[in-house]
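Here come two complexes built around subunit A, the first alongside subunit B, the second alongside subunit C.
And then the complex of A and B:
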């Protein structure tokens, strides 16, 4: 590792974050920092019921309605559907509502206090229809609330034949059922946009977002305008975590509709309560496992039924389900696997993208089940894992042959060494037998996370990145991939600088603006570094090739020679640009019909260890220490990479122990930061991060993906530690003090 | 009160005398952002839950969403825009930018000001004291670890010690 670091001047080094200075001086401009002349403020009237038929809309007294811009479904120039995968979700409900908080009427006025008063004065009369709120009710078709059978998508993965295993007399069969709750992304900057829209100039939107071209595509359909009439510009974005993947298409459409009708620029900024209640959250899930193991502790069959609650509309549920399905069998080799996966409809606001994208749900279930099976075999959790870790040349559940030099046993050993696992495990067992009211435990999870779009996703995306060299030799990267805090600007500049052997300061990343950058795909799926970064690298190399092909640059060159070559080339030929488009690495084959093949170009591999204390008086469970060991290919920027892990682990601590959405009739009742609790500085343990670096040949400078990985491991590791502390194998998250009290209340006395 | 009637205050803003007129119901947050165009101060909830809008009022951190603009009359307000001076960035700004303490950057101004208040009273805070001081500010990106490191490094530099981050803070456990 340190050898690779020494060979390189830029990759692997903690260069300053590109937009760091702007962020610490207050100069960075987020969407609510923009003000346009004549700008007015928009607000959204939403459904208060989960499901019903709209009977009547009345505009109450005491509001100067003639001063307000009012938009309903009738005002929509194009299609009343948010274009994503299906076209089932309306921008504005016109006849039926299918979830609480569903948008029905839009309002705008120059005075934002008045627009809020007006919003409260709109009365929407809705005749209720019977709703469905749980996975079980939906699966049982208590009511059909979406399509033919409440099913957005289902997948079947079949490897070998599990049915031949259950009756064998040399296997032990263990069953388990696991649940995970919804989770709010809780980026600190709420969703917001500013829009200008008129028939002459078309539609321009500035906003906080992850995927400018998703918004672009959605607005084309909404306004029925040609693509060059729609322009989407990402402003500095105060966190996303998936929560600004699909929802910005909705709010951008709303602001644009108000701008179109009023003829004035419109700003919509959600307040915290609206953002929490109305926008997407992580899909709740229910997973059933049936596992057969031989007496010597080898997996013989895994049957997994994985169901996620998609909420009221399809949105991204099919792809969330896909990632969850593929990760459901984990980093283990098992000859016989069947995974039945389904995303079902309920009358909750649509669940959506959140870091991990289905994988944290299915991995939680699997890791808890692995602990349970180990117990049934009377093996230690680690020894059972060691006997089943997937190795190079073996196949995953989708029969992808692992061609990476994976060493899960090595990662496990490293994580145990760094955390003192074995010593603590023994010590806590002895101490917990005493009379102390605080019990301790240590536990772990072993897992993997695929980088890039699943299956043939990257082939369909056909992402493009451009690089432009100006006459002064500066290199500008043109991509729609957004900086949302994770460090896109910095690592792209590092990758290009490294490829061209130029100073980091000579490379800049252009602001994502659909009028000036090509579509490098969405900023999701741990793809920005590995997939888009590779395109940055090859587009940058294309610049050099052009200059060398024109005889302006030697094989080895100084920065001054580079500048001179760029000056001469642009003088003669104008702009010097190079574009690179995605090509799948060789031997990557995926069969969508059978759901079989190479699900991801590469996986990141990890072992996380959590240490907890559980107070038997207050039922407070706390994470006291955390060690995160992972192999993510070459690390481009050690500080940013560690920041991804630390931030992801903190979100995972919240997912496991604090963040509970209180549902009331499909509505989030605790849409505030005082009663929906994300970890504060006092709740996050020391997080110690270690990277093993095995360069991946098809990633930029050898890097793989990292962003989602740290969301997968904390929850199962923490519950495993709680199990040691309390002796109870909890099977659901979030695990709240009241759950602990219910289970342990008797044990206290 | 007539909605169109404006309040008028004089106060010290980032070390300079300032005057501003605004609708009297406005919070200090709104006055700063809307009437003084100082958009460096952010908002995350406007209910006093997240700490994002923290500024210093007479050197003490307050949540500007919970303070009326009128309450700033005759007092001294410091925002993120006032942290740097002619000599350059404040040490906290340097370390927040360089050590990964600012990811999305949205919570950063609030953290900077609360950290500045801490260091004004305690030039060598322990990790526990830093955690306690910053526990009213929410950050969803970093897990807080790099923020503590940035505060520690800035404190050391402000004490006149030549200090860089320990290798483990940069490269992780090796």
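And then the complex of A and C:
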């Protein structure tokens, strides 16, 4: 009798993680565990200045240079550009450098110590050019450091006509300016790859990464080889958070170039300092808001100027900006909206993907602005929000009609109930009036996060997932979506098992390897569960249809009958495979030119409440309690889902109060974990996670996306709480004790 | 970052250890838990050719005595063992509490009392990897000839950053140093020099054998540490206070030592004077805190702006004194 039959549902249960056992027993193999015969070690020589022209490269004394493999831009067989959206970023600078960590020379040798010594012995003489380091300098075109006008990308979203509103006499106008800092992803495993490359076999790369097919595409261009000559294999990956979305294409190219020239396998593993300094971080941002509200507290117009600092090259700035832009007006209905968004260039290492992807920046600004407007109206922050929450049938800033059930007011009520918001708000106000040196506050943020690629992104991606049933009835999922700690393998197996009514253990997820899995798109944008998961579901159902179509399987079947059907089918016809390709749900229409339409297939909706204490003696702000309420469709795996929220909130606490990148001449001066400080277990509050589940018809088993959502809410909620505690409406993050002291110093006796 | 190559020796007796050090000369260095030395070696701040471990020296791994007679703590005792030792917990709670503020449980399992007392001084321009430091052309403390914190200064201002140091100085602990030339016992206070490079009055070849905690005869002490997070972080200010209080409640003697602001622990005689002579009332406490505030002149070479660190002196001294009230 089948086990599967007795289990009514696999989705929604906390089944053990697929790769969990291997990870806790140490059997899981990460890239640095990989050693190939004859393997040598690579290192990168980088620029020493933010911007300049390379004059001369000298290879200093005391190093047996003839033993080393040395690669410069001249050794590149194909195009010297990391293929992503634009082809502007070189693998190795040949004449100009545009940021202080720009790679110039690659070295490799069997002796790790010698490579490090050699790296130190390379002297690159660079004639400096005037650099640009801030959004303001770049926007003012003080120097043109990229393209014609320092602008990677700009968007204009227009809904209604804001200009007609400003002069109306029934509105109140409130302006504000908000800033967010850079943030480092701080995955546990640093970036690393191993590469084999030669003219006969082509190029094979193993590495820690989120998007094998991005690397694949980049290497095709770099080596000018046909796609079947490039193979990319993901090794077990210790976290990504977006930090392994685009950067692996760079380091993979470097290792492959060294392998190509030396004829030997090459390993490059960054140490923490190099990883922090040289790889991508979250885009810093500057947002200006101008909001018009009617006296009864309805939004009449929102004009938003949203600018992000993209660093020296375009990388993913255009799409980060896009997501930030679309989220900039939030889960509110406003008839007139204009969003002017821009990604500008500076001479810092390129900023890139990081969980939330532009949305945490613009949502931070919006939520602080909403609090400010509420104050101007003399309404409570919650009442002002309630009057403006978007409802089913209303349109977002891009005029997307909300067709799903959405109940932000209900989520707000739930979050307030769980956090005791109203009681605490009143009590803290009374207590703060006293002489105590520790002030308390409670605050919240209401927000939404779109799942999947923005606009027509998913249509362009055309993602494919395969399922293969072997003769013993086991089902193998073939997808390029990577397990990076978030639980891809587990939820895919759950989704397929649920669809086929088979036991969870009968489903396996194949290792992402471009030689054997189809391109299911990148593992980013909260798309893995909702978009790719849906493809997993339909590919799995395809297997069943085939078996049933061939008359081998009845409508209702046991696991044994399934096994038998698979055995007979493979005997007769060979491999049993089924593929499924993305199709947009009906009525999802996007106009790229006007930046208008259905930006996302679905949104997750959330209300986060933070409670803080601020010590007026030490200016230490601490998050004491946190409630996260969200509607994310059906929850596939409750433990993993809660883990996503908890981790995202912790990262958000760091973003708000701890993690400051100290920039010095475009370089991260605190590229180590002793002085780039992230919150520890002692600094993170209890996080109470609550899911409202409204099944989404186009998601697998009703699920939507979840991964990025929790990054959006903590910072504005925390600053709102700090505002209650201190009476000061801070407008920037990270908010450090020094900042609090500067602002509150006078309040001390 | 990788460790450079080095020879590793693991002697079993103190006599062997100091002999090996004599042989190794300037190229030799002792290591205990290695939680400071190895990272420093990876960053090429220190580059010994011979590293001599004290981990196997039984004599250095003991805690003996009690509060009545004083306690001898071997330099090789791990911070975890120190914190958990029943006699320390009972008789020297301030020592256990100060040690508990050091870094994290994992690092305390490896880190030792001796390593803590001899911890290298720290500075934002120095605790960086080689490339980073090369990027600024190094600094006085290692490989360079400018101090970036105080350009024009011929002195290095790297900061004393070990949590046990201010407390050991405040309570009047003594340390025993051994070399091939014999041994000597000096006050912990006499161990430190106000120079970020040569921050110890200890010859390079001397082994720190143990720390002697004074007998309890009515004194009490405490240590308060300023840092950003609940774990990991080095102190950016440490306040250690010892008070000898008479039966009637009058303060007979006081020691107030600030850590984390200068190359050596800083004694504040004005604060001590303010505290002595009567009972610990608000006014005395306020004057002591004020004296510390005046004396504390942190430089801009640790995390956080120095003004914040200076501002924190008063409340931290008050917190320490309140605890001893």
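Just so we're on the same page, the second predicted complex is superposed on the first by the 741 of 749 C-alpha atoms of A that agree within 3 Å, B and C clash if a C-alpha of one lies under 4 Å from a C-alpha of the other, contacts with A are read in each partner's own complex, and residues count from 1 in each chain.
Quick note on the criterion: a residue touches a chain if its C-beta (ideal position, glycine included) is under 8 Å from a C-beta of that chain, and two chains touch if they have at least 3 such contacts.
Treat the numbers as computed from the prediction; the structure is a model and nothing was measured.
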item: Partner chain(s) touched by A:30 [first = subunit B, second = subunit C, both, neither]; value: first
item: Touched partner set for A:271, first subunit B, second subunit C, both or neither; value: both
item: Contacts of A:671 with subunit B and subunit C, given as first, second, both or neither; value: second
item: Which superposed partner A:682 touches (first subunit B, second subunit C, both, neither); value: both
item: First, second, both or neither for A:237, with subunit B first and subunit C second; value: first
item: Which partner reaches more residues of subunit A (counting touched residues only), subunit B or subunit C; value: B
item: First, second, both or neither for A:738, with subunit B first and subunit C second; value: second
item: Partner chain(s) touched by A:120 [first = subunit B, second = subunit C, both, neither]; value: second
item: Contacts on subunit A seen with subunit B and repeated with subunit C across the two complexes; value: 271, 672, 674, 679-682
item: Subunit A - residues contacting subunit C, complex; value: 46, 48, 112-113, 116, 120, 271, 273, 277, 617-620, 658, 667, 669-672, 674-675, 677, 679-683, 736-738, 741, 745
item: Complex contact set, residues of subunit B against subunit A; value: 33, 38-47, 49-50, 52, 79-81, 83-84, 89, 92-94, 96-100, 102-109, 112, 130-132, 134-148, 170-174
item: In the complex, subunit A residues that touch subunit B; value: 1-2, 14, 16-17, 19-30, 32-33, 185-190, 236-241, 271-272, 418, 484-487, 627, 638-640, 642-643, 646-651, 672-674, 678-682, 684, 686-691
item: Contacting residues of subunit C [partner subunit A, same complex]; value: 1-2, 4-5, 104, 124, 127-132, 134-135, 226, 228-234, 303-305, 307-308, 311-312, 315
